[in-house]
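In what comes next, chain A is part of two complexes: it sits with chain B in the first one and with chain C in the second one.
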Partner chain A sequence: MPEQSNDYRVVVFGAGGVGKSSLVLRFVKGTFRDTYIPTVEDTYRQVISCDKSVCTLQITDTTGSHQFPAMQRLSISKGHAFILVYSITSRQSLEELKPIYQQVLAIKGSTESIPIMLVGNKSDEMAQREVETKEGEAQATAWKCAFMETSAKTNSNVKELFQELLALEKKRDMSLSIDGKRSGKQKRADKLKGKCSVM
Partner chain B sequence: IKKAFLKPLALGHSPVAVATETLPMSHVLIERRMELVRVVSHNTHKRMVSCLQGHIGADAEKRHKKLPLTTLSQAMVEGGNQLGEDSLMGKMMEVCGEAENRLASELMLHELQIEKEVLDPLSQLAEVDIPNILKQRKQLAKLVLDYDSARARWLQATKSIISGTNTQALTAKADLLKEEVDEAMNKVELCKVTSIRIFDLYILHPNLLLQWEAQADYHRKSLTVLESVLPAIQAQQDSWTEKPAFGTGLDEHLKRSGREIALPLEACVMMLLETGMKEEGLFRIAAGASKLKKLKAALDCSTSQLEEFYSDPHAVAGALKSYLRELPEPLMTYHLYDEWIQASRQDPDKRLQALWVVCDQLPKNNKTNLRYLVKFLARLAQDSEVNKMTPSNISIVLGPNLLWAKTEGSLAEMAAATSVHVVAIVEPIIQHADWFFPDDVEFNVSGMFAMPTPASNHNNHLDYDCGTIEKKRPGSMVGPESDSVRKDK
Partner chain C sequence: CKTVSASLKPMINEALICSWPDVSGGGVGPKPVPLQSLSELERVRLQDVAFRRLLRDRDLGCHITIPKCGHKHKKLLRRKLDSLSKEKNKDKETTPQVFGIPLSQVISNDRTHKQRHDAQREEHSDPTELMLSFLRLTSNVKRANKEFSSSTSSLSSTSETPNESALPGTAPRTCRRGGVSVDCITDLDDNQSRLLEALQLSLPDEAACNRKKHPDKKLSLNPIYRQVPRIVDLCCQHLEKHGLETVGIFRVGSSKKRVRQLREEFDQGWDVHFDEENSVHDVAALLKEFLRDLPDPLLTRELYTAFINTMLLDYSDQASAIQLLIFLLPPCNSDTLQRLLCLLSTVAKHAGDKLDNDGQKITGNKMTSLNLATIFGPNLLHKQKNSDKEFSVQSFARVEDSTAIISVVQRMINTRDTLFMVPTDLQNEVLMSLLETDPDVVDFLLRRKASQCS
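Showing the complex of A and B:
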C-alpha cells in the first residue's frame, strides 16, 4: 500500500443505530440528518496537518447491523485509530462493543499505543439514558482508553472527539486545522450507497 | 466344589472293590462323605434355583413371558407406541424394548439349558442317586455279613468233616453251606457291579464345567445382542440430536423436519408479526447476545418455551438473521451468485425482468422460503413510517444475509463490494414483492405457531407453547394459556 505512510485511518465501530454515521457526517460535513438509513460501509477523507505537513485522514464508517468477521478483521488490521461508539440510551449497545474491543486487542496485540476512543453518543437524549456517564468512564478505564460523551444531533463534543483521538497518536503530530479551514478537500472515496449519505 | 464332588467318587470305588475285607471305619467314613455330598448338592441346587429368574419346570414360552426382562420390554414397546415414532424417546423405547426382548429370549434359553444340564442332574444326585447308593451300600454291607457268616459256617462244617465221624452227612452239610457261601458271594459281586455302575453314571464335574460354559455362552450371546442393537440406538440418537436447524442445509432441514418453510424462519416471522412490526430499526438494532443465543438454542431443539422472546423483537430478528447467515449456502444460492450480480447491473428498466429470471431459476425449496421471507419483509416495509425499515433499509441490513460470495473470508474486500450489489438485488425484490411473487402467502404455514382464534384482524396470533412443535401435547394449543402468552407492545 503506497499511501500507507500518508493516510491516517480511523475506523468507527458500534452496534446498529447508535449514530456512527451521524457522528462522522457531523464531523465531515457539519450536518445532521434526521433520516433513518443504515450504513453498509462508507469511507470519508479529509486533509489534516500532520508533522508540519499534510496527510489524509481517512474515516471508515462501518456497518453495525451485520458483522462479517473477515471484514471486521480487515478494517482493524488496516486501522490506525478506533472510535467505539455506543448509545447512552442502550445498555446493549455498550455490550456490543466488548467483542469488538477484544477483536482489536487480538489483532493489534496491545492497545497501549493505539488511539482508542470510547464514545457514548446521543447525550442529548437524557430522558432515555440507560448508561450513566460513570459507567462509560469505568469501561474506558478498564480498556485503558479515552472516553467522551457526544451528541451528533446537537453537535456536542464531536470535533473534540476527533481532536482528542488525534492527540492520542504519539507517533505523529496531527491537528485538524490546516490554514484554519477544515473542509478543503473532503470527498467521498467509496460512495457505496448513493442516496444513503448525500445530504 | 469340583474337587469335593470328585473325592467321594474316588473313595466310592475302592471300598466296594475290597468289600470282602469289610472295614467298619472306612465304611462309616464313606457314608458320611456321601451324606455330605448329598447335602452340598441339595443346597447348591436350591441356591441355584433361586438364581433363576424363570419358574423352574415351566415350559419355554411361559417362562419367557414371566421374565422381568420381558415385561420391561413390553412396557418399553408399549410406551414407545404411546409416545409415537416421531419423537426421540418413543423411537428409543421401541428399539430398546425390542433389544430387551431379545435379551429375555437369551436368558430364557440359558436358564432352560442350565436347568436341563446342571440343575436336574444335581437334584438327581442329591435326592435320588446318593440315597440309592447309600441304600445299596447298606445292602452290600448286609450281603457281606451274610457271606461272612455263611463262610464261617462252611469252614466250621469243613473242619468237623475232618474230625467227625458221620462224614457223609457232614460233607453234604458242608456242600450245602458251600452253596450258601457261593450264593452270598454272587450277591455281593452283583451288588458291587451295580454300585460301580451308579458311580460311573455320575461323573459330576462336566456338569459344573457346563454350568460355567453355559453362563459364558449366555453372556456372550447377550453381548452380541447388545452390540448389534447399539449402532441402531446410536444412529437413532444421532438422527435426533443432529437436528439443529441452525447451520444445517436448507434441503436437509426441510426434509428431516418434513417442513416446507424452515422452522426458524416461520417461528421468527410469526413472532415478529405478533410483536415486532412497529419496532423501530427491526433487523438493524443489535439484540442482546445472551438472549439471542438462548432463542437460537430454543429454536434448534424446538422443545423449549418461546414466550419470553415476544417482548424482545430484536432478538427474534437477530435469530432470523443468524439463521440465514449460518446456512451452509445462502438462501439465494452460490450457483446463481453471478447471475444475481449480473441482473443487478442491468439498466433500471431491464433490471426487474432480469432479477425475475434469476429468481425463477432458484431451486424449489429456496424459492419457497425466499418468497415467504420477502413477502414478510414487504409487509414489514408497509409499516416503515413507524419502524423506519423501508425496502432499502431492510435490504441494507438483511441483504448480506441472503446472498454472499463463496470466496468470502479470503477476499474480505470483495465481500464489502458484494454487500452493495446485494442491496441492489434485494431492495427491488422487496419493493416489488407482489410482482415477483404474485400469490398471497399464508405466514402461518404449519399451524405450529398460530393460535386457532380468528377473532383478531390478522390471523397471526401465536401459540408459543413449543410442545406443539413436537406434537406431544396437542391439548396445549387451546386458548387461555396462549392469551397470557401474547404480549402486545
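Showing the complex of A and C:
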C-alpha cells in the first residue's frame, strides 16, 4: 500500500462490547458514556507532532460484532500500528484476539517493527475479572508486543496507552504534544512505570 | 366447477365493487392478510403488482428489477452436484450443504435430508405405526392452519416420500388431502384429483423457477410451503428460548472454534439439534455467519440501491416503499426475512430493564432495534460478492450507504408486524389482475377468503 500522506494510522481491534469505542472516545474527546451502541466503523483524526513537524494521527475504530474478513484485511494492510483490546471481564474476548493477531502477522509478514499493544480494558470492574493481569502479560510476551490494562470509564491509562504505542514506532519520532517538548513525554514515561510493561 | 363459479358471481361482484374505486387507499373490503397466506399464484402476481406500483408511485431514483430466483448459480451448482454425486461418498464431505450456497438450494437440501431421514424411519416401522403417524400429522396440520409451521413442511415432505410399504395406495392420498390446509376444499372428493393436484402445497423447487417457461400454468392455488432454512429456524428458536435476556446478544463474541464446528456439522448434513449446552453467543454468531455467507444477500444485490434509496423518500412513504420492495423478493427470501425479523423484534422488546412481578429488576439485553440493525444491516444488505476472493475496496459500502442500511433494517424490525401484511388495495389489485387471466381462480380464492374471514 503506497504512502498517501504522512498520516499515521492506528487500528483498534477487539471483540464486540470490550470498549474499543469507549477507549478511543475517551482519548479523542475525553468523554465517557455509559451507553451500549455497536460501531460500524469510525475514524478519528488528531494532529500530533512527528519528526519535529506535525502529522495526523488517524485512529480507526473497527466493529467487533461482524467481521467481514475482507474488511479486516483492508484495515490491517492500511494500518501502521494496532491496538488489540479485550475485556478483563471476558476470557472469550481475549481468545477472539488470537485470529486477529494471526491475521496481522500474515499480512504484515512480521510484527517485529510494528507497534502492537495488547490492552485489557474495563480494569475498573475488578469484581467481574476473568482474565488476570499475569495472563495478559503472558499473552503479550508470546506475541512480543506491549501490554497494558486500562479503564475508559475511570480514565485510567488511556492517554498512556496511545503515548506508549507511538513510542513503539521506531521509524518515526512521534509525540502527542504538538509543541514537541521532550521533557513532558519523559515525565509521563516515568509515571507509567509499574502500570505497563514493554516486552 | 362451472356451477360453483356461477353461484359465487354475486359475491365477487360485491367484493370487487366495494374495493375497486378505492385502489390507492385501503378502507372498505377485507382486512390486510399475511403474505404467507397467499397462494403461490397470488404471490407471483403480487410481485408484478408491487413492481408496477413502485415504478408508478415511488421515485427511487434507480433501476428496479424483480430479483430472480435461483440464478445461474443454482444451475451450475446443480450440475456440479450431479457430477459429484457420481463419486458418491466423496460428495457428502466436499459439498457444503448449508453455508455459502444459494438460499433456495439450502431449503432444497433440507427437504432432501428430511426425506431421506423419513424414508429411513419408515422402513423400520410397521403399517399400524405409520397410520398413527399420519393421524398425528393430519391433526398437526389442522393446528398449523394459520401459521404454516414446520409441521406442515414435515407433512408435505412425508407425502412426497416413496411409500412402498404394506399400506394400500390410498394412504398417501389421504395424507395429501391432509396436507391441503384449506377447510373449504375438504368437501372435494378424490375424483377431482386434478384440482387436488393444483391445490397442493407448492414445494420450494417448483416455486417460481418454472415460471418463465409456463407462465402461471403450474402455479399452485395454495400457500407456498414455508421456505425458511432449518438452520435459521433452529437458531431463532434457540435464541428465543435462551437468549432474550442475554446482554449484548448478537454483539458479544462467540467461540470461533465451536462455531466452526457447528458450521461443519450443518454443512455435512448432520441432523443438528441445539440444547441448553449451546452458548447463545455461538448460535447467534452461526446465524449471522449463515446470512453473511449467502452468495446473494437476503435482501438481494438487485434491490440494494432501491432499498437504500427508500431512505431518501418522505418519511411517511418509506415504510410502504420498503414493503413493496419486500414483495418483490423471492418467497424464500421474504419468508426467511420474516422469521429473522420476528426474532429481532422480540430481542429488541427485551432491550430495556424491566421489573418482574416481585418488583425485582431484570436487566435488559441492551440490544435495541438500532443496535440490532447496526449489526444485521451489513449482513442483510450489501453488494459485495463473496465469490470474489480478491476483495475490491470499491465494493464496500460508502459511509452514507451504511447509515441508510442501518435505518432500513431498523425500520424493518420496528414495523415487522405490518410489513408482511398485504394491504387491501394490493390484494384487490392482485385479484383484478387475475380476473383478466383466470376468472375461475378468482372465484375460488374469493370463496376461500370469505370462509377464512367468517
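Following the convention adopted for this analysis, the second predicted complex is superposed on the first by the 174 of 199 C-alpha atoms of A that agree within 3 Å, B and C clash if a C-alpha of one lies under 4 Å from a C-alpha of the other, contacts with A are read in each partner's own complex, and residues count from 1 in each chain.
Methods note: a residue touches a chain if its C-beta (ideal position, glycine included) is under 8 Å from a C-beta of that chain, and two chains touch if they have at least 3 such contacts.
Everything numeric in this text was worked out from a predicted model, so none of it was measured.
Steric overlap between chain B and chain C is present once the structures are superposed on chain A.
Contact with both chain B and chain C is seen for A:Ser65 once the two complexes are overlaid on the shared chain. Of the two partner chains placed by superposition, A:Glu132 touches none, neither chain B nor chain C. In the superposition on chain A, A:Asp51 contacts neither chain B nor chain C. In the superposition on chain A, A:Asp173 makes contact with neither chain B nor chain C.
By the touch criterion defined above, A:Arg73 lies against chain B and chain C together after alignment on the C-alpha atoms of chain A. In the superposition on chain A, A:Glu160 makes contact with neither chain B nor chain C. Only one of the stretches 75-83, 111-119, 147-155 or 219-227 belonging to chain B has C-alpha atoms clashing with chain C in the superposition, and it is 75-83.
Shared contact residues on chain A (touching chain B in one structure, chain C in the other): 15-17, 36-41, 64-66, 68, 70-71, 73-74, 90, 92-93, 95-96. For chain A in complex with chain C, the touching residues are 15-17, 36-41, 64-66, 68, 70-71, 73-74, 90, 92-93, 95-96, 99.
Contact residues of chain C toward chain A in the complex are 248, 250-256, 281, 288, 292, 366, 370-371, 374-375, 378-379, 384, 391, 393, 396, 402, 406.
Remark: chain B residues 280-281, 283-289, 321, 325, 388, 392-393, 396-398, 400-401, 408-410, 412-413, 415-416, 419-420, 423 touch chain A in the complex. Partner chain B is touched in their complex by these residues of chain A: 15-17, 36-41, 63-66, 68, 70-71, 73-74, 90, 92-93, 95-96, 192-193, 195-196.
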